[in-house]
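In structure tokens below, several structures.
Both complexes shown next keep chain A, but they swap its partner, so chain B is in the first and chain C is in the second.
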Partner chain A sequence: MKKIISLTTLIVLIFSLTVVASAKMTGDDVLNKMEEVRDVQTTQMELKLELYDSSGSKRVRTLRNISKKIERKKALSRFLSPSDVEGTGFLSIDKPEIDDEDMYLYLPALGSVRKISGSQKNGSFVGTDFSYNDLSLIGAENYNDDYKAIVLEENEQEYTLKIIPTDEDIDYKYGKLILSKKTWYPTKVEFYDSRDKLQKILTNYNVKQIQGYWTPQKVIMEDVQKGTKTILYLESVVYNDKVNDRIFSPRYLRRY
Partner chain B sequence: MLKRRNFILPIVIFLICSTGVFAKDKLEISGTLDSSIEGISDDGELIGRERLDLELKKNFGFDADMYIDLATYSMKNEDAEIELNEAYLNYYTDNIDWRIGKQIINWGSSYKLQPTDYFNPHDYTAIKPLDEKLGVKAVKGIYYTANGLEITGVITPYFERNKLSEEKENLLKIKGVTGVENDIENIQGGFKITKRAFKGFDLSASTYHGFDKEFIENDKGKFIYPEANRIGFDFIGDFGEMGVWTETAYSIYEDNQFDNRLEAALGIDYKFSDDLYLVGQYYFKGGRLDNEDDIKILNFHADRPIFQFHQIECNINYELETETFVVEPQFNYSLANAVELQIGGTYVDSDDEDDAVVSKLGKDRVYTRLKIEF
Partner chain C sequence: MNKVSNFSIRHPWIVISLFLLITVWFALQIPKVEMDPSLKGLIPEHMTSRVNLDKIEDVFGGTDAIMIILETDDILNAKTLNRAKKISDELETWEEIDKVNSPFTVQDIRGEDYMLIVEDAIETIPQSDKQEEVIKERIKNNELIYGSIISRDFKAMAIIGVLKDDVTDDLILTKVNKLIEDIPGDEEVKLAGMPIIRAEVSKNTQSDMKKLMPLALLIMLVFLYLCFRQFRGVLLPFMVVVMSIIISMGLIPMLNWKIYLITVILPMSLIAIANDYGIHIIAHYQEENTSKVNLSEEKLVAKVVSSLGAPIIAAGLTTIAGMLCLMTHIMVPAKELGILAAIGIGFALIASITFIPAVMVLLPKAKPIETAVGEGKKGLLERLLDFTANFVTVNPKKITIVFIVIVALISLGVFYLKIDTNPVNYFKEDSSVTKATNAGNKYFGGANTISIMAEGDITDPKVMEKISNFEETIIKHKNVGDVGAISKIMRKMNKELHSGDERFDTIPDNKNAIPQYFMLYESSGDLKKLVDFERKHALITAKIPTNSTGDIQELVGYIRDYIKKDKDSPLKIVGGFGDLQSELSDAVVKGQLMSLITAAIVVGIIVMFLFRSPVAGVMSIIPLSLAIVSLFGLMGFFKIELNIATALLSSVMVGVGVDYTIHFLWRYREEKKVRNTVEAIRITLTTTGRGIVFNALSVVIGFVALMISDFLPVKFFGFLVVVSIGACLLGALLFLPALCIIFKPKFLETKPQEKIKGVAERVEYQN
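Right, the complex of A and B next:
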């Protein structure tokens, strides 16, 4: 009888621990699962960007973005219009061995590829409300590489995380990320500056499954301090198609 | 002159003829209309400039493409001139990118004054001379090795000098400078080896054989563009978050009367999170003769977007030897997509304006400039 009681106690204990462990994911576990769920190898997308100033005036741009996550993360972005930014290209190659990345900018007017310094990564990406560092957040990538997280709140529908940059090049002090448990895709991210003031809000709208991956059809990055915003519309996207590794090079960046 | 035209003509004819052959790749037409008015404060003169750049681009599959920049420009109500600013064919193989035709070859990482930028002269008739380079006829090949090196070779059949303003040309004529050859029909060539992302830095070493782009009076009283061999070195990267670069070129002259000279630039840049971008650079160029002074210039640049689509910027150049300041503030007002109105000015403070190199960048003036890109 004693043996049966002991065995039952042990089973109950193990079961309880398992339940507790699965229910209480840490913030970093959540970020890692976000990345695992996506597990996209390559992405090719075309985007329309609407830039608004504080008075509501608008400028429109179109952008092609190609990224690959095999061995190391690489991304190539190219403006397609209007003519004053057409051809402007941006290349980013992750270097996980030194926790850094090489970033290059190509400006057609200069005709040459130029290495971008660390400080420029926090600057605006060609007039948008996205910084160079923010670009990887389009597609909900790199959160687990660039941030650590603490769970602030959890309910049946979503997690609320405090994300703190681990990459020294990111100027935000911290962010607040709301993640849907259904899609494992962030619905909203608030970024706070070094004075704890809300600086930017990234909101993903109309998240749909495309080729099995949850994908927002519209993304708004709002700079609440400047009163400006950039709205990004997804024009087309193809996941996991073959992408030649050679395009992620300064050679192809200048080939436009 | 006929030879020069012959060099470009086959490219233009090929481009026109090929539009039917490669019908699936459309001819892309774009361009820039640039109209400006300068008011010179010394004499109250108003100088109007109009420039239309018509750019034609055509792809021939994935292996080749062509680009033509046909510029029409006029200044001070003179007759319009038409010139091919650039016209070249690109051909891509597995490991080599070829470019043949009139082109701009940008070497060097420094800010505007680049010692290893050997080939293209500046256009000192332009409203912003350091932003405008003249195309040169050249064949360029870049070989990409398996271990990540870029080896670039350039050959140019004709030498081109810096383009000076009419006033400066007249001033030189008064000084008796009339016999300087514009085109020296000798081949210039250069090689460059680049290693990118080496411990976070891009490194380049280069060699060049050719001519100085600015002339000098030799010991026989003739004005010549001295023939020189150069070796250069360029590196760019970052320390912490600050961008750093240094670029040097050492010239060894064929004619012993000229002193070998060093040209170097050392600079830093930093961008704040509010998009304020700052550049500081020291530039040095040694004299070629005892009576030619060394040039030492401090360059500062700042720019910052305002109200999202507009920008303010300021360039300050200080030449140490002549104690000359050139200050150039500018406001760029975006009127619409690809339409910009620039309003700016130049203030020159110098006791020795004729000898100051930085005074070539402009006189005391205010200007407005409308740029429409299509």
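Right, the complex of A and C next:
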């Protein structure tokens, strides 16, 4: 009898625990779900970048970005304007087995491709307020690669997560991410530096469904310490169209 | 005038309380005083170098930087690098710092076999000798670091912090010192850079002044007591000095002005000048007290004030006029200083003829003191004055000739006189500031800088080529140790993108190359202090391994000539600290000459009106000019540079010298009415001469105390005051009497009938 009672209690206990677990997602669960809801295979988009300095002066560039996420992540960025940098291209091919990536550069003025080595993760992407690593967050599906998370707050509409870099090459100490439960897309991320001071704020505006994927039409990254900001406008996007794997090669990079 | 002093004699309490109230009220203003230690603050906004620096700062922000220098036998050893990295990392987090340049923040870009490697110059701290060798080789190939933040002999490293605007020097010095303490190590640490130097200057000046000024005042008080042997003789002139200092300092915040480095001269000038009038009143009081024992205190005081009123007011007015002539100076703080000193002196003057009499009538009548006028035992000073009087009256021509010969000899020193506005030279050779600056000069191409701003389309290869040519030309100039410029980075990128091929160490001629290089470079480093966001301006910064203003001036001239040769040169503005300093030198000399000449003329005119004779004006200027010439001559011989402060002080001191002349001439003319020349000289020297000597020696002896200071500006202040007052004293007591005897100027001679009238007055006076 005693045994039965204790067994029942155990079952009840286990069951109730499972219920709690499914209702309460951990921070990492949330990051994983963000990726799961976007099983995008390929993305082709055109972006307009507006760079503002602290006095409000502006520089505009447009680029095309093609990325593929089959087997390993590959991305090709090509500048379309202004004319003096037109054709400049970056190619990155992820190497998850050694937790690194290959990066290639093509400068039309040089006429040839160079492999770039050295950690670029914290470096600014062509002078914008996005670091190379920030840039990979734009699709909202890569947070779980470099960050772990803790749920700070949860309500009907959104999660507030504290995200902590797992990649030691990332200079942020932590970030605060606000995620909409409706879209599973972040609305705002604040990044804090090694001294716990707010460094950058990323805000996604006008998140719309395109081909079933929630996609912001405008992203602002603001460096509050430097007083600079970069606005990224999504000019066009096509998801899951066929992309030839050949274009992710240094040889193709040179052909422009 | 008599009405005013009579009022003070009749209502002493009203006058005394009024003075005390005013003083307390002004004293309450003093805590509101703000300090502006910047060099820029000294220079008027319309001056070219200031305009240029403002233009550069508009585009590129502040260019002030601190340099932390680490020195050890092998700078690349792991322990040193760990320490340096901690310092550099910490510095980067400071709100006051705009940008840090160190081997841990500056990127190394190198091309090897179609690979472009971009990483921090010291990416990882070497753990073995082999690794260290590899890093050493890399650094040798990195022009952006080798010789500019790591010394060529690998014995020193610089961590440079560019400051944001509006960071106070004191704060940054305190923070940096604490940082070095918190991250200890065996390496020798030196701090260089203008903010550090400025902070040290103001710290040293203030601490030495605090230590030595009270000592100077104490010595002065003791001396005054020895002279007058009565407390009123000590305390009354001293109170006037203190009150006038309080008034003029309290005025600073009321006028919305600030304290500058040179404002230190203000209290010092007042100590030297403001007791003048009180001392003469006390001296004359004692003199009259001996001869007219039976007069009541009120009458005695009234008589002293009325007989001395005119020369005291004249002496005061000439000094005030001399001070106001500083308003012709180019530097704003000098103008303000002139006005403040003039007001302080004006106040002292009024206090001397109202406040001092008011206090005196309240005091019991003093015991008569034996002076030269009275009979009996004579003091050392009295005997010395007697001797001087004899000597002058017997050998007037000899004295004049010897005086002129000596002054002529001393004046040769003027040829050795150097103008220097670099504050580094305020410090002794073995001071930390000088050592740090010299280390900066030796290891990193120089601690001083000149900036050149280019305007135009910086991405245009033609423009970039010109910047590059300029950069490669000036680096060869002997007064340039290192140059920072965008063209250097462009050449480096071009080379490394061509796998390190030396043939590509050039500016690419493809017109799209530069924008593309810019875009690429921005991915790792920032171009903040080199090219502006719009790519319309570039900043070229030349480091100068010398502290000599002359050398810097020469370089600025060379650069201007270079730019002038090419009509289409994109290089438009030469500015920066070096330029500021070089124009400041000119301003110091011009400002000095202008205010000295104006002061001499104005003083001459006042004296001319006072004695109603042009000759009197000339006679008052002669001893003054001799004093100025000897002062500059001695500065030359003693290698004291003419800088902002020393130049001003010499000007201020001239105001004192003329007082002695006026006091002498006034009394002499009075005595001349009843006596012959020789007798008149003798009486003047032993009576008024006594006041002059008290006055001058009290200042001289007090300021000798400053000469023991270790800090050169303070030491020089002491020297300058001693020399200029000493020269004016000798001029008034030796040279001037000799001139009077030789030339017998008419304005000092009274007509026969006046002489009789004078005798009658004098007789009446005696009764």
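We adopt the following convention: the second predicted complex is superposed on the first by the 236 of 256 C-alpha atoms of A that agree within 3 Å, B and C clash if a C-alpha of one lies under 4 Å from a C-alpha of the other, contacts with A are read in each partner's own complex, and residues count from 1 in each chain.
Keep this in mind: a residue touches a chain if its C-beta (ideal position, glycine included) is under 8 Å from a C-beta of that chain, and two chains touch if they have at least 3 such contacts.
It should be emphasised that the depicted structure is a prediction, and the values quoted were computed from it without experimental measurement.
Legend: residue contacts after superposition of the two complexes on their common chain; A:Glu235 is shown touching neither chain B nor chain C. Contacts of A:Asp84 after superposition on the shared chain: both chain B and chain C are touched. In the superposed model, A:Ser57 makes contact with both chain B and chain C.
In the superposed pair of complexes, A:Asp245 makes contact with neither chain B nor chain C. Touch criterion met: A:Asp100 reaches chain B, while chain C stays clear of it. Contacts of A:Asp169 after superposition: chain B is touched, whereas chain C is not reached.
In the superposition on chain A, A:Glu153 contacts neither chain B nor chain C.
Touch criterion not met for A:Glu36: it reaches neither chain B nor chain C. Residue overlap on chain A between its contacts with chain B in one complex and with chain C in the other: 53, 55, 57, 59, 82-84, 110, 112, 114-120, 123-124, 127, 193.
By the touch criterion given at the top, residues 51-55, 57, 59-60, 82-84, 86, 93, 95, 98, 100, 102, 110-112, 114-120, 122-124, 127, 131, 169, 171, 193, 226, 228, 250-251, 255 of chain A touch chain B in their complex.
On the side of chain B, the complex with chain A involves touching residues 30, 90, 92, 97, 104, 106, 109, 142, 144, 150, 196-197, 200, 202, 236-238, 240-244, 269-273, 275, 277, 305, 307-309, 334, 336-338, 340, 373-374.
The part of chain C that touches chain A in the complex is made up of residues 93, 111, 114-119, 123, 459, 497-498, 508, 510-513, 515-520, 522-524, 526, 533-534. Listed in rising order, the residues of chain A touching chain C in the complex are 53, 55, 57, 59, 82-85, 88, 105, 107-110, 112-120, 123-127, 132, 193-195, 197.
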